[in-house]
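Got a structure for you, written out below as structure tokens; questions coming shortly.
Which chain is which? They are A, B and C, in the order written, and residues in each are numbered from 1.
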Amino acid sequence: MNGFSDFLELHPLFSWLFDLLKSTGLQDPWLHLVHYGALSVMMFGLLALIALFLVWWERKIAGHIQQRFGPMRHGWHGWYQTVMDAIKLLQKEDVKIALRDKPVFFWAPIVCFVAAFCVYVVMPFGENLIVADLNIGILYVLAITTWTVISLLMAGWGSNNKYALLGGMRSAAQIVSYEVPMALSILTPILFVSSLSMNDIVLSQSGPIYNWFIFRLPFGPIAFLTFIVAGTAEANRTPFDIPEAEQELVSGYNVEYSGMKFAMFFLAEFVNMFTIAAVAVTIFFGGWNGFEFLPSWLWFLGKTLLIVLLLMLFRWTYPRLRVDQLMVFAWKFLVPLTFANLIIAGLFKHLGWYW
Amino acid sequence: MTLRTEEFVVNMGPHHPSTHGVCRLLLTLDGERVKKVEPIIGYLHRAIEKICENRTYPQCIPILDRFEYVTAMSCNYVFSLAAERLAQIEVPERAEYLRVIMLELNRIASHLLFYGVTAMDIGAYTPFLYGLRERELIIDLFEMTCGQRLTYNYIRIGGVSQDIPPEFAPKCREAVRIIGEKMSDYEGLLNENPIWLARTKGIGILKPEDAIAWGVSGPVLRASGVKHDLRRDDPYSIYDRFDFDIPVQPNGDTFDRYIQRLDEIRESLKIITQALDGLEGLEDNTIKAKVSPNFKPPAGEVYARIENSRGELGVYVISDGSKKPLRVKARGGSYNQLQALPLMCHDVMVADLVAIFATLDVIMPEVDR
Amino acid sequence: MGVMKDLKNLIAGLGITGKHLGRHAITIQYPEQRDTIPERSRGIVVLLSDKETGELNCTACQLCMRACPTGAIVVEFERDENKRKILTKFDLDNTICCFCGLCEESCNFSALKLATKYEFSTTDKDGLLWDMHKLQEVGRDVPYVDTRKKKAEKSEKKPTPKPAPKPADEQPAPKDSSEAPQPADKTPGVGDMPDKPKAAQKPDDPNDGGTDVASDNRDDDTKREGND
């Protein structure tokens, strides 16, 4: 059993890479720079593949919920449909409005894309499978996910379209409002870890399954629920997808983008969704912990994909909230709830009622 | 210091994913609030009434199929009713039973489409597919009987054009059973969903006196609390033989209009079951009275109206004794509901306007003809 | 509490959509799989040919042309030396045909039918303007019930002096090959609808057979020239 999972573990790959670079005679600091650079490129490649997979998976899940098939033509059950869509988007004309604000219009999709991917340098994909185990891991995640606000505002402004601007501002207001409950609900389990490092969070949930933070009643499930709700709003997914709703008058911040720029926004949205799921798994579901017959990264991926399935079910089940109802829900309901949850968790820690 | 704000006029133009058909709404917005709504129609005018003046009575029926294609059986029927009243034709009983079955099946199909489209406009994408899946059952029944899925040309002057095939009755009962079961799915998905309630409760209230004053009819009127249904108040065909309720809802908001149509689906299922039972007991198999193909009603005028899934569908026919009508005027309930739209959209947000418009279930071909 | 009820309902909603994940999809992959079409389905109009001789059943009576509400059918004929009609033109404009079936119902000679075929998309409008030969070709394998023979059997069984079947040499009929030849100049006039009950129907004014869309209008608004 152990031999099988050892066989599939990836961290020997990293040390092999490090030794390879060392053997070429590179010195510090270049050695570490190139090593981390290579790891980041590999992580980027992996995430691009995950994003393509998620687009396909969303369409299949949506199809089967609606009792139809989804993509079926390109490959077995359409598995390379997304690749064909990407090729199609590459061929599209990059429509640039004459009166756009050029630098802002150009950099908005890039900022969004980069922000989405930068989070993953601290994500623990498996045991010893983390690019950089920063000791401020979770704080870094929260900080980087806020970059998307800037990119939305830039997209709205740079399009020179009052509806795009309105959509961008609504979206920015939504993301900023839901940052607060998200941060508070992340903090609740962190109280018990006494460290912000992602790896430490996962390690503190090792052992039996009831060590996972979601099973630590009563604050665990509430924290998870508020985190998922706030995370869905962060990722602009239904029921909080007012910025992208086609049925509304205002079509959203990316209405004037076409071709590859639009593809960047689109992929960034899916990567954001994966981020929310990955953070949820890391904090609440034990990260890469699991029985040893499977390698740790498989556990991580499996759990994350289940949470992604949950997010997709949300999208295809619930109607959309109106924008003022969204804000009321965030500030008048979620923030007091998460504050109360944090206080209760603090009380439990102080009184020692935890394991 | 007050912030200077300006109202701006925005066109929710004929091409829009949530205006059902080509309807142009001229909105005057103050920020997010709608101050004034002005519907501008005419984008789907096809001169149907004028075309009918140059067609014989049997030829008018496929033309009027396209008047309101979601409930084409009703359009066929109301014109046939007008012609039969002009020429004093008595329709055989089997034909009447078949007509009632087709009309009620069509009503259910229309309400299922409403359910799907309204849910989609408010953001839930899945009920659309569920509603259309059940509607497929009904459309398949129609295809089995008359050959077409949307514009039927089935209910003719004097009866119906073809008898139902033998596999119709068991399949119809099966469809009725399946739809009755799936109603719990539809309701479980949306009826008590807090997001749905937040989006639809208390939005777009239409008071009963306003509804009557503006000539609104059909489910919108009954959702405002007025118990008026032409199948009871001005009975036509053999509706007086069936036992069904007329549901009404108390408030007249968007949620009630949605619930009203789901309740009406249930009532229609009852009527269809009773009609199928009644059909089995008939001995006489004639499905059409003897009407010559060169149908020439005596000179006169008649107004025939029925209860459509959108309200009162009426046809006013003036005949001069020749084989072509002198004037055909058709009216549908959507016209009045579109007129009443500004009444319900006082100081709502744009998202609510979309929800209100969806629950009015306006079909533009009926408005524009 | 209201919150717990809302939460319960939200989870129930997820359950309803989630249970569909386990069910098989109900759609089919067209064009590899096709749905079975009911036999009464109204597809495109085709011209039917006699099962033995292979010639068109149409006698150019123009009843279908007059029955069509949109004017999609154009029938033209010539008289030969025996004053019999020869069909010279039968055009069907599929771009304006509304598939109502009134032409099929008005025909007494099993000459045309709305077959269950429906896959005739073209990229060019002219591909949808069909002439006699195309209509006959598409209709070759369409099964139909030949009502002419039924009427012939019915008229043979009647004891009252109906026109007895005339010997074949009196009437060289290029089109008619059924057992009961029709008398040469009898205008078909009003015919039976196929689903009418067996009782005979008193015919109406035979010269007033239907309406002609292309003329005889109150206002001359549907005058058709060619295929515009």
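To be clear about the criterion, a residue touches a chain if its C-beta (ideal position, glycine included) is under 8 Å from a C-beta of that chain, and two chains touch if they have at least 3 such contacts.
It should be emphasised that the depicted structure is a prediction, and the values quoted were computed from it without experimental measurement.
With chains reduced to the mean position of their C-alpha atoms, the one farthest from subunit B is A. The innermost chain, defined by the distance from its C-alpha mean to the mean of all protein C-alpha atoms, is B. Separating the CA-averaged centres of subunit B and subunit C is a span of 30 Å. Look at where the CA atoms of subunit A average out and do the same for subunit B: the two points lie 46 Å apart.
Averaging C-alpha coordinates per chain places the centre of subunit A 60 Å away from that of subunit C. The set of subunit B residues that touch two or more partner chains comprises 126, 133, 189-190, 193. Within subunit A, contacts with two or more other chains are made by residues 65-68, 316-318. Contact of a single residue of subunit C with at least two other chains is seen at positions 10, 13, 16-17, 26. Touching subunit B in their complex are the following residues of subunit C: 5-6, 9-10, 12-13, 16-17, 26, 37-38, 40-42, 67-69, 98-102, 105-106, 114, 190, 193, 195-197, 201, 204-205, 208-211, 213, 217-219, 221-222.
Per the touch definition, subunit B reaches subunit C in the complex via residues 50, 53-56, 58-63, 65-66, 126, 133, 140, 143-148, 151, 153, 161-163, 165, 185, 188-190, 192-194, 286-288, 290, 292-294, 323-324. Chain contact summary for the complex, subunit C toward subunit A: residues 10, 13-14, 16-18, 20-21, 23-27, 29.
Contact residues of subunit A toward subunit B in the complex are 62, 65-68, 238-239, 241-242, 245-250, 315-325.
For subunit A in complex with subunit C, the touching residues are 61, 63-69, 72, 313-314, 316-318.
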